[in-house]
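The data blocks that follow each hold one structure.
Common to both upcoming complexes is chain A, partnered first by chain B, then by chain C.
After this line comes the complex of A and B, so read on.
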């Protein structure tokens, strides 16, 4: 994509397999994407599609039963090959991450300030005093009122939205090039979610970092992402820029998902039913992983796995029968609704 | 939609209040109250879906639980057709009420007894209320399972053998088993993935039509509530701030909180251009709610009067109720 710019982070054929007692779980099974400087890449999918495992693989935060293959290159360095020491220099410094549940991601026995200072002292060679001042500055930047007082408070003394702000402050304290946000607003109320998304956008403008936004919420993706990766059962099923993906989805899963969500902006009689459930990762179906739930499925889909092909310029989808989706879309448009 | 005046009122809630005491010290003295529900008024018409929406801590779940008598109300009245005041029922009368009002819970994991088989979970209510005997029970359970889209082969399985969406279907079958008039759905689809959520919403719509059910649909997701409800009440800190049919609520919201709430919802369309009202700060604590209008601390149009006087919840247009000093 975007051939004129060089990607900051390039993930190629990434596989993450877990060896479990029940067998091999292919949580991430050959995904590729790039993140360009200053952009927001959205990764969307339902639970169990591998979107979070993908993030943890990049950060090398997985347990020892995980088997990570493929390449992850960040500014020309191959992350999986780095020594643990060098990786530590990147983690939290060049690539930072924020998590879904700020209460479990923050350490309950240290003050918020303490935890922000830790990252600053570790990565930026600052004294305790300087770090403390920087922590207060960061808290102010993320919109926490009375930062000089809040800096000495413990996570439980903050509300959910404040905790998420504190976590963002921590992640941004070292001015990272890439921020991986794993469901950062899922645990928050909508009015607070709006605040946090707005904050992330303004901080991105200020710092020029790239964001990987991982979420199940298509609304959030539409709001923030420049380009979108749709994942299903460990694979990328569709990959395009946000406007194209929402206006002209090619894969039956993306199309179904977009029609399955209740919308505020349009009237719907019934929601589209994607039948069945996400298959168990121990027993993914043969052929196309989506064949058990796809309304357009044919014999071929049960035998062969489709490749991710470029259906239009910079628009990739993994499906044999894209023209069927097109037909269905035309029908839907004619009848206005499903 | 039928004219409001012609509709039959199934449930009439008047000034319902639920405070939870906070105890402290050696003698466990009551030192304060969490004012979870602080005087709510609403009617639910027969056959409609009444949405109750708000952010966490606004009291929407407490309101539902209080109606079901899972909590005892602190004050107020709730007349349900044929049962009198729900909040005063005792003994057999209370038991009989539970046959007519059922509940579906948010978490399909903790709301099903892990040691009971699906058949027994669904049949329990029928047996308690003497609605079926002997072999009839099996037939009825099988029938219900089919209705909610479960395979009857799974009748003797345990809840842990099902996925989240299937468990929610079990919960729905259990609620239907006693042939209720009304079902209170407390965040019934919030824990589910998008594709499964759509399945369950469609199922709820289908069975409503088939059984002529009335729903109180409690949820935080405005898009879901809009999709499923006929009328919607928006709650903030224990009070209803606005209540009307869904079209007027979304096309013409009157309360500043409703406006902010609607504008905060991300629209799954990157080209959608909207003006956003970003609210400052967090929801205040229900232990010590702000004086006057509870929303005044975050309200973009608040004036002096708002911190002094609590606005009256009144009908500003036909069937459109709002509690705000500055609605013209």
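After this line comes the complex of A and C, so read on.
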């Protein structure tokens, strides 16, 4: 869809290993994707699959025990090679980030306005007064009522939804090119969730930024994403545009995730779930990382790891037995028609 | 700016809503007024060091309060003069010692927790060594080495008084470092030093401020204890502890020397009480986590 454009952010073979006392943890193990201008890339996966570590690797915000490899290029600049000073100029200004917990991501001792102004003053050389006005404008844009009053309030005086709006205002205050949203709606209730997603979409239209939406919630992905990366145990297991992924999942994991969504249109006695849990990152299984939980697992899956292959145009999956998933899909479809 | 002012006003109002805060502040104000007005209340002799209590009589026996010497005389010194000018000494000891030692503690604690690793390890072990020496013993040895005098006592108290603050601030910074707002600030491209000064310290400094204000009171007691033991201020110095030390020889005859304990003792108790009440009040009002 966007193949004619050049990617804004290109991540190639990104690896993030942590050296811990218990051994090497391969949190992110060779993932590649691109983000095009103005699009939303969804990164989806269960807790502990490396979604957030991937984001922090891009921003270079990990502690020193993290070992980041591979290439990350933003508008032609290689981020891992930039000096810390230059990287600081990119953080907040070109690539901004919003976090999962609006309760803790704002500093409790400063007013909301003060925290928004800080970034504006830092990156845009504005005076305190100008920055204050811009902060009020930003708060108005993210839909906070009475922005002139709220700007001088402390985070504890705002509700969860309002704090997340304030976080978004903070992240967007310098008009970044890429916004990385790390589970921005997970801590919010469903109504507020929908409002925040709506807000992000409308701000995206207004500013034309790209969004990397990191979430474990396929509903959120369906709502906002143009293309989707499905991650499992630090690897990309499927990569396609959102419509294709939802209509025609190829990897057993994606298929399982989609099946696990409760449906209102058919009668279900028990909800489907993927058996087991994400394996401990210190002891990933041999072969395909998903083999411990996969219903289609065979001997081969326990010995060698499948490559990420292009199963159709622009649709990649990492599985030896895609045809089995196809069969199973056909069965459930037939079942539905009964 | 106006908004910040109203916020400040709101805090002040909240502070004065609580009766004990009002009491503490009032006591403190009275002490401040006494300290300021000391030369008016008890004018020192021209040319003499005002912190030397003038000798009222050459007899060593205590003299009960009279109109001329309202708090009586002990060791030949006028107790009233000592108590009034002693207020100045008390403020001097309390403020200078607690502020300087807190500053050392904040610097040590910040460096230690920020750099971590072996820097942290070495600095914390040094802190442990200082902590392992009993405070009073250490202070006594220091004053023996440095010699007598209130300024020497202050130096000794500073040298052995910074460790708690260092540990407190280190622990708090380590905790604050992992808070998400610190990560969020980093993600906005804010430089490290600014994150420490602006985002981490304000979240960690309140317990230190409370400790400082409470310590001001107790330091006066410690200094008095040293004076009482004879390793503090030189004899005749206008300091509550020095007056108490004169009464040491008359302890078995309280009926003759009660005033030498009562007046400086009361001053000391009220001074400590004032700082403790103010410290508590400050914590309750200004600590954002207490709201």
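Please note the rule applied: the second predicted complex is superposed on the first by the 327 of 338 C-alpha atoms of A that agree within 3 Å, B and C clash if a C-alpha of one lies under 4 Å from a C-alpha of the other, contacts with A are read in each partner's own complex, and residues count from 1 in each chain.
The rule is simple: contacts are C-beta pairs under 8 Å (C-beta built on N, C-alpha and C of every residue); 3 or more make two chains touch, one makes a residue touch a chain.
Quick caveat: nothing in here was measured; it's all calculated off a predicted structure.
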Side-by-side fit of chain B and chain C on chain A, or clash: fit
First, second, both or neither for A:240, with chain B first and chain C second: neither
Touched partner set for A:217, first chain B, second chain C, both or neither: first
First (chain B), second (chain C), both or neither touched by A:14: neither
Touched partner set for A:191, first chain B, second chain C, both or neither: first
First, second, both or neither for A:274, with chain B first and chain C second: first
Centroid geometry (CA): angle chain B/chain A/chain C, rounded to a multiple of 10 degrees: 80
Chain B versus chain C, judged by how many residues of chain A each one touches: B
First (chain B), second (chain C), both or neither touched by A:301: neither
Touching partner for A:106 - first (chain B), second (chain C), both, neither: second
First, second, both or neither for A:156, with chain B first and chain C second: second
Overlay on chain A, chain C to chain B nearest C-alpha distance, Å: 9
Chain B contact footprint on chain A (complex, rising order): 46-47, 145, 159, 161-162, 189-195, 197-198, 216-223, 225, 242-243, 246-247, 256-258, 260-265, 268, 270-275, 277-278, 293
In the complex, chain A residues that touch chain C: 59, 61, 87-93, 96-97, 99, 101, 104-110, 118-119, 122-123, 152, 154, 156, 167, 170-171
Touch list for chain C against partner chain A, complex: 3, 7, 179-181, 183-191, 198-199, 202-203, 288-289, 291
Chain A partner contacts - residues on chain B that touch it in the complex: 55-56, 163, 165-166, 193-199, 201-202, 205, 220-224, 226-228, 250, 260-272, 276, 278-279, 281-283
